[in-house]
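Look at the two complexes coming up: chain A is in both, with chain B in one and chain C in the other.
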Partner chain A sequence: MTEKEIVAIINKVLCDEFELDLDKMKPEALIYEDLGLDSLDRVDMVIVLEGVFNFKIREEESIRKIRTLGEIHKFVISKITMILC
Partner chain B sequence: MSLKRVVITGMGAVSPYGIGVENLISNLIKGKSAVQSLQKNRDTESLKSKVVAIVQGIDPKEIPRKYRRSMSNMSIYAVIATREALQQSILSKEALNSEKVGVAISSTIGSAETIQKFFEGFVNDHNFEKMRTSLFFQIMNHTCAANVAQYFGIKGRILSPSAACATSCQALGYAYEMIAFGKQDIMICGGADEYHPIFTGTFDVMNAASTKYNDKPILTPRPFDKNRDGIVCGEGSGIIVIESLESAIARSAKIFAEVVGFATVSDTSSIANPDSYAVELCMKEALKDANISPDEIDYVNAHATATIQGDISEGQAIYRLFGENIKVSSLKGHIGHTMAASGSLEIIATICMMNKNILIPTLNLEDEDTECGNFKYIKQLEEAKIKFSLKNNFALGGINASVVLRRYDND
Partner chain C sequence: MLKSILMNVTVFPMMMFEIFIGIFFSPMIFLVIKIITYWENDKIVRLMIWLYGRGWLIIVSPFVKFKREGFKRNPIKKPSIIVVNHLSFFDTYFMSLLPISNVVFTIRSWPFKMFWYKPFMQLAKYIDVEKIGWDKTFEYGKELLSKGSSLLFFPEGHRSRNGKLQRFHSGAFKLSVATGFEVVPLCIKGTDQLLPPGKLFLYPAKVYLKRLPSVSPNTFKGETAHIEMRKSIKEMMEKTFSK
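What follows is the complex of A and B.
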């Protein structure tokens, strides 16, 4: 899976789960302010990503510091790369 | 301590006819049945009863996802019905958000569909890791009350008196007492339920669901009719705004009726079968609370779900208390049994009847079962000026509830 494909999957599943507009899925988009999500959504986002990519990330400290969609992309790409290595 | 008078200033409905009080009352007057065939699928295959009265024409997405994520259909129905009731009551946003405004809304159970979805996954791996955060908010017993409060910013008391088919009658009654005691100025009250096959299944196993009219759904249920054969389960929400008379007058609100009496009693003779004398006791207590005698009641809107035993118990109790001249009808023949919503939807219909000076007959009542009481049954739409009416609701669990309504003519 290429990085571009991973980004496309993340954007699609988050759009489906949170009824977001695909046009708003820019890397610089702030999760709370721009995408309109909140702390409950953040928990559900982790559950969705764990389900799609078949990994466990809920206990990782770095996930809690994420502020933008681009940081989610980077986090997931790095996690998948780490697993494959 | 003097009690405050309590009046109704807003009504909203989501019924098997669709959205709106006008939609509800106009279809009741037309004598239209909302009963239809139950959709065939794996969950309904084993049911003997194949008839249902479900809500159509709702677009849940009109509620923003931020609020909707914690709602199953029952809360969506409750929010839509509340919106109509609040529009009618013309409450300002400032007044609505005061701590003196509360909510009393409940359902039979939390969302059965959401519970089913969760357990379909859970029974395979016994793991909670896939559980969405919004799930609990849909299955908790006070889901409708909490969701309505969140959506409309209600800051007062939140009450969720779950009592199956007597739920919304109790909700109105307890809310009425809170206002009468001056604890709240305004209460948004009623009930809601969403259809799930577990409801039909529950009555099916007790041989209390209608099965003989599966090929002709509009001919069932048949309250008080000799050929009745049981309940048709439905869904919806009825929401009523009540407030103290002084609050309504101070803000020049339109008053639709006055709540003057309420009673609820426990029938310990059986958890399932209603005892006629416990039904009578409940109505007597409601009349006592209203401080009126039986001969002052002009109309009884019966619970009458069209079960063999239930209609006899209620009918005989009404007959003993009010005699043969009392006007009685049940609206279950039109909209089925909307469970926790049935009390408030039928109270709304009763108030509309009082204001329109009409009495709506029992749909599908063709051959009266005199064992239910030898009344002069309402057989067609009648003109009548009703001063006092009484509404009954009885629930599995041995819970009886009755409300007395008074016509309000600026007096």
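What follows is the complex of A and C.
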């Protein structure tokens, strides 16, 4: 799976689960301010990503510091790369 | 147009009069209800707010036609989590069309800024989700449900600007899954005609409130149960609006 494909999957899954507009799924988009997610959605987002990519990330400290969609992309890509190595 | 002007010159002063009378007589009304019922204070204030809403319905009734559907066959007998779409500032007033008064509203911070309503909202234990956050909202919500109150959420969080359902937030559904209390979906139509978002001028309207069948959280399983529940209920509401 290429990085581009991973980004596309993340964007599609988040759009489906949280009824977001695909046009707004830009890397610089802020999770709360631009995408309109709340603290509960953040928890749900982790659960959804875990389900789609089959990994566990909920205990990781760095996931709590994420503020933009681009940071989610980078986090998931690095996690998948780490698992594959 | 003449009817609209007449509506505005009568409804707003009558509303102010009702607020004034309500505030003035509220201690006396509270005491009378307390002596008769021995209810807890917050439950009494919720009844008083519901009665105030009923009074407001009488004020607007020459200009607004109401229709309620689904409550006779399915009255809300047990504590439930009520979710309703949001079109107008007046949606909360129309919740007095509900057959029950013991309902705690879970809302954002701005309605608490109306100083003439704030003390009553606080005494009725309305929940300011924006101020206290979801953890405490769940804590209070569980406590209120276990004491027999219902909770009301606007899952969209904001009024719809185009009349269509917006994105639903998960809070109400997460609370339902966590506590086992059913969700009662309500669909409201026409309040955006009465007072369109961003306007201050009232228009005659037909308001329709429909109760959909209760949804049990037990139908949904797993970690994403509340997400599935949210999607399912939104779909039910969308189907109702498309009819």
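FYI, the second predicted complex is superposed on the first by the 85 of 85 C-alpha atoms of A that agree within 3 Å, B and C clash if a C-alpha of one lies under 4 Å from a C-alpha of the other, contacts with A are read in each partner's own complex, and residues count from 1 in each chain.
Following the convention adopted for this analysis, a residue touches a chain if its C-beta (ideal position, glycine included) is under 8 Å from a C-beta of that chain, and two chains touch if they have at least 3 such contacts.
Remember, predicted model here, so these are calculated numbers, not experimental data.
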item	value
Partner chain(s) touched by A:Glu19 [first = chain B, second = chain C, both, neither]	both
Chain B versus chain C as contact partner of A:Val7, first or second or both or neither	neither
Contacts of A:Val76 with chain B and chain C, given as first, second, both or neither	neither
Which of chain B and chain C A:Ile47 touches, first, second, both or neither	both
Those residues of chain A which chain B touches in one complex and chain C touches in the other	18-19, 36, 38, 40-41, 44, 47, 51
Footprint of chain B on chain A - complex, ascending	18-19, 36, 38, 40-41, 43-44, 47, 50-51, 58
Residue ranges of chain A in contact with chain C within the complex	17-20, 36, 38-41, 44, 47-48, 51
In the complex with chain A, residue positions of chain B that touch it	65-66, 69, 129-134
Chain A contact footprint on chain C (complex, rising order)	133-134, 167-171, 174, 223-224, 226-227
